[in-house]
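Can you read through this structure? Questions will come right after.
Chain lettering (A, B and C) follows the sequence in which the chains are written, and residue indices restart at 1 in each chain.
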Amino acid sequence: MTPFSRILRTDWFGPLIIVILAVVVIRAFSPQFLSPLNIQVLLLAIAVNALIAYAQMMIIAIGQMNLSVGAIGGLAAISFAGMMEVWGIPAPLAAALALLIGLLCGFVNGVMIAVTGISAFVITLATLAIYKGINLGITEAQPFYGIPANVKAFGNGSLFNLIPLIALPTLVAAVGLWFLLFRLPAGRFILAVGGNEHAAQLSGIKVGRTITLAHAISGFLAAGAGILVVARVQVGQPSIGDDWLILSFAAPVIGGAILTGGHVSVAATTLGVVIVALITQALVLFNIDPFLVQVVMGGLILVAVGINRLRETRMQALKRSV
Amino acid sequence: MDVTPIFEAKNIVKTFPGVRALKGVSLSLLPGSVHALLGENGAGKSTLIKVITGVHRQTSGQLLLNGEEVSFGSTHDAVAKGIGVVHQERNLIPRFSVAENIHLEQLANSWLRPVNYTALNQSARRWLEELNLDIDPAMPVSDLSVAQMQLVEIAKALSLQSRVLLLDEPTASLTSSEAANLFTILRRLRDNGASLVFVSHKLEEVVEICDRVTVLRDGDNATESRPMAGLGRQDLVQMMIGRAESGGTWRKRDSAAQPVVLQLKDLATSVGHKDISMNVRKGEIVGLYGLVGAGRSELAKAIMGRFRVTSGTVEVAGQTARITSVADAIHKYRLGYVSEDRKTEGLILPHSVLANAGVPIWRKLSGFLGGLRDSTVRRAVSPYLEKLEVKTPSLAQTVGNLSGGNQQKISVAKWLAAGVQLLIVDEPSVGIDIKTKAYLHDLLRELADSGTSVIVISSDMPEIIALADRIVVMNDYRIQGEVANIGTYDTMSQAIMGLIHRDPHRAQVA
Amino acid sequence: MTSHDVSHGSNGPISTPAPSSGAPSSGAPAQLSPLRRFLLTNEFGLILLIVLFAVLFAVTTRGFTTPFSLFTLGRSAAVNIMIGLSMMAVIVTGGLSLAVGAIGVCAAMFLGYLIQSLGMPWPLAILAAIAMGAALGFINGFAVVRTGLHSFIITLATMSIFFGVMVFLTRAEAFRGLPPVFADFGKMKFATYFSPLLLVTLAAALGLGWLYRYSVLGREMLAAGARPEAAELSGIRVGRMIIYCHMLSGALAALAALMLVARNGAAIPSMAGQLGQDWLLPAFLGPVLGGTLLNGGRAAVLGTCLGAFLVTMLSSGLLLMRVGEFWVQSFLGLLLLLAVLMDKLRRSYLARRNLV
């Protein structure tokens, strides 16, 4: 196989071409598109959305789904804001505790799925309701407004007036996840269980623990996304996370993730987030109704899964003909 | 011989609620030998394998490894103690590299130590060389052929210092040249001192490669670990079924004067068949013989409208037929197909006996607004279920809870009830006991005598020679030729093998 | 994507336990008496729970037994049961539909548009709205069959698309000028306790019961859902059946939404929450509590009705007990968890009994 055809086979190549094309086209129609301000706005959206997408990507990697990503993110977000406002806990500690809450929520999901063997769909649908109910029960649907100045500064701050500070945790998460999934045995176990659970078990991999680990990481990432949203919008809204579901699936799927598990890509998922952000931006720049974002995102999912499916069958056909 | 056995199973008893699957079975394996483990379905072979590989724990009895008693709490336990298994289905992680698959076991206990892929590839190369397998260890296994994947699994077992290597139906999905290659490798492993257990229902292969044999029958040893020398295929069959194989039931039937019911002319299909021409006459039994992967089931499904016919013609009862769906084939042309894969293709396992037996005739029986009552269906199908002596507590019983033999009877009964003019039966005796098999054979003959045409697909040569009037031989999605059956095994098997290997340049696939 | 069925090898001896896929729900062991068998069904368990909680609420709360309270309970139950049946119709195929809420809202808004903007007579508009639901269901089913992808991802995408298009076209504004028949029907009482909406639901449930038990179409849907390949080779057009199931689900979702329109007296875009997600929990609670297998091939119409009724009664009872309304959602989530766990235990008990 030549190096070039190897690049063609990677997951990130297609999305990268789309990103470049999209940037060129949008720039051609709208000169202010690449202004520093606009880039900052884009990066802000990408930073948060990438964490949401990673949270789902970890679960797709084991061949399951997590409907509770948004509920966990929302619960972590209001815990973060609430702990600071009501108990006056310093921001770093509050953030750490909120992350822990997310981790715990994910852990509970994982344990329930691993122990009972009930499908992840049903379990996470149930915990979605539970976590969201706890959120509403605590807040009584009222936002927390008392966000400390240092959190606001973090949310507004940027490096060189270009890269928002919020993007830094996401960057760390991306590198960390790549290292986990492609270099550490723990991450390999996650992909192995997603690829062929029975074979993984026969090789001595502890399947239950691996599933639990993936869900715990997913909860952790969702909580991180929730915290970043609080820092960005500077209010602890109980409704944070309500609209994450579609997005969380769109980006990994655009990035070529196979929904039956065993195959995800951090880079391609990130590019998937970028594509969604670019299209949303384009709709705004061209004064197209923002309601249509939903339609576009749904359409993107359909196109992406269709293409993934085609690639899969093409590759199989290629293999058979060799 | 006074070689000490490397592994022994002594008086293994395994009971399931209400059933004694193993009643005290023994087996001893010597180093440097290939040991055949044989038995009919239901004889306890699978249960014994599951005990040896740690899926089930024995109720009583001992497992000894190098003379020391061992007990396996899990499948992984058995693997870790040196019982390597290569299962019938592939157990590899498709997107992982060959090297990582081979060494997954060694990684399994360290969660956070980064994987050193260079070292992994190097070490994997050693095991691949051992098996003469020239593939890049960094290649994902999903890019390999099935035969190569199987060898990777053997490499994986070897890398774990397996002292015993159990191969469950290893040739089931291999072409004959791939199987020959596998045998060369197995012989070399044996000569290097490995102890191999070979489980197969292809007795020709067993006679070819094994030097010792254990046969199970009804949960007991029919033979325990005796040398293969001097045993022939017939002897093995006799041990398996407790009596000589009933080969004499073939009788000459003449249907040359009957009209042609199905005629295929130069058929090509979307799954890769080329130049398929054959016919079946009214009341005739045509055997379709070929090895696994020859395209026989696929041809049957193409006839049934499941796969697309891309060129050529299908004629049913003299009329050109355009069959675009299975529903067409059944309702318009009265064709039926009994699948070899009862569990996913043949029966709707979670549904009742009544529902399964009635599916093809529901539409015919329905009344006003598509309404249909159980009693109507019962009236239509129960004569056939009774005729076939299906044993079930009630017609409401879930089919998945019945024995393989009864399931097979139901999947035949539903086509009898549908009144088909041509029935294609794919591997009729997979997963059923000898008695039911003989019964099914009689039934198919009777069916043909009463005017139904039958195509029997089988890779079991004795079965096809016992049943068919005429045998069509397939290989590589083409028809290799056909022979009239005269019912004697030796002559016929030579004629059939001759046809299979007729085109030598096709047979060499590395 | 579906639950992982652990199947042991393919060539087990005849005597070993039957594969777990052969759930003995229909073919109960011969040695159990019909009464014992009934006592072990989901339906009986649900009836028991309903009676238990009804007594509990009647004793501990004020107002549970007032005519108005029972009237609103029945009215909400009617809608929730319909939503549950709508999901059940897809679960039969072994798939699911996240888009039931979105389809419902689209159908309701279509009704509002037809009546208010086009002046269509209301009986015709109702039929058109139901047809709209079926049409959107057709899109789902067609996409699932054509792409061969799991219905989860397809309906995740279409729920976003359907809802987005609806909001775009209506500018997120409600249709409040509907003829008074709707509101009147929603407020109507017969025998002081009952809402006529219950009759609509009853009719739908009876129709579905007939479909799955006494018609070829329903039987073929079940067969296609249980083992698609076997059904196909037995002459059932599986793809068509899957599309029909999605269309049926869409029509039922539309019906549920129209009942909500009657209750609210208006067609409101937010009546099922963001993207119609608020319907998801009730949609799954009913069938899962009712014992519909998520891997398809079985429809528990009565169970779904009882399950959805139980859920509605619990929510309204909890509200009367002054459990904060926000906690009710958590409680329903817990209930779903408990239900699937109980179901799991019950099935493994039955499976064990079947062997002995």
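In this text, a contact is a pair of C-beta atoms (placed from the backbone, for glycine too) under 8 Å apart; a residue touches a chain by one contact, two chains touch by 3 or more.
Please read all numbers here as calculations on a predicted model, not as lab measurements.
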| item | value |
| --- | --- |
| Most widely separated chain from chain C, with each centre as the mean of CA atoms | B |
| Pair joined by more contacting C-beta pairs (A-B or A-C) | A-C |
| Geometric centre distance via CA averages, chain C-chain B, whole Å | 42 |
| Centroid spacing, where centroids are CA-atom means, of chain A and chain B in whole angstrom | 45 |
| Between chain C and chain A, distance of the C-alpha-averaged centres to the nearest whole Å | 30 |
| Chain A - residues contacting chain C, complex | 63-65, 112, 116-119, 121-123, 125-134, 136-137, 140-141, 197, 242-243, 245-246, 249, 253, 259-260, 289, 291-299, 301-302, 305-306, 309 |
| Contacting residues of chain C [partner chain A, same complex] | 1-4, 6, 96, 143, 147-150, 152-154, 156-161, 163-165, 167-168, 172, 274-275, 277, 280-281, 284, 288, 294, 324, 326-334, 336-337, 340-341, 344 |
| Complex contacts: residues of chain C adjacent to chain B | 8-19, 21-27, 29-30, 210, 214-217, 219-220, 222-223, 226-227, 229-237, 293, 297-298, 352, 354-356 |
| In the complex, chain B residues that touch chain A | 75-76, 79-80, 85, 90-96, 100, 104-105, 107-115, 142-143 |
| Of all residues in chain A, those that touch chain B in their complex | 179, 183-186, 188-189, 191-192, 195-196, 198-206, 262-263, 319 |
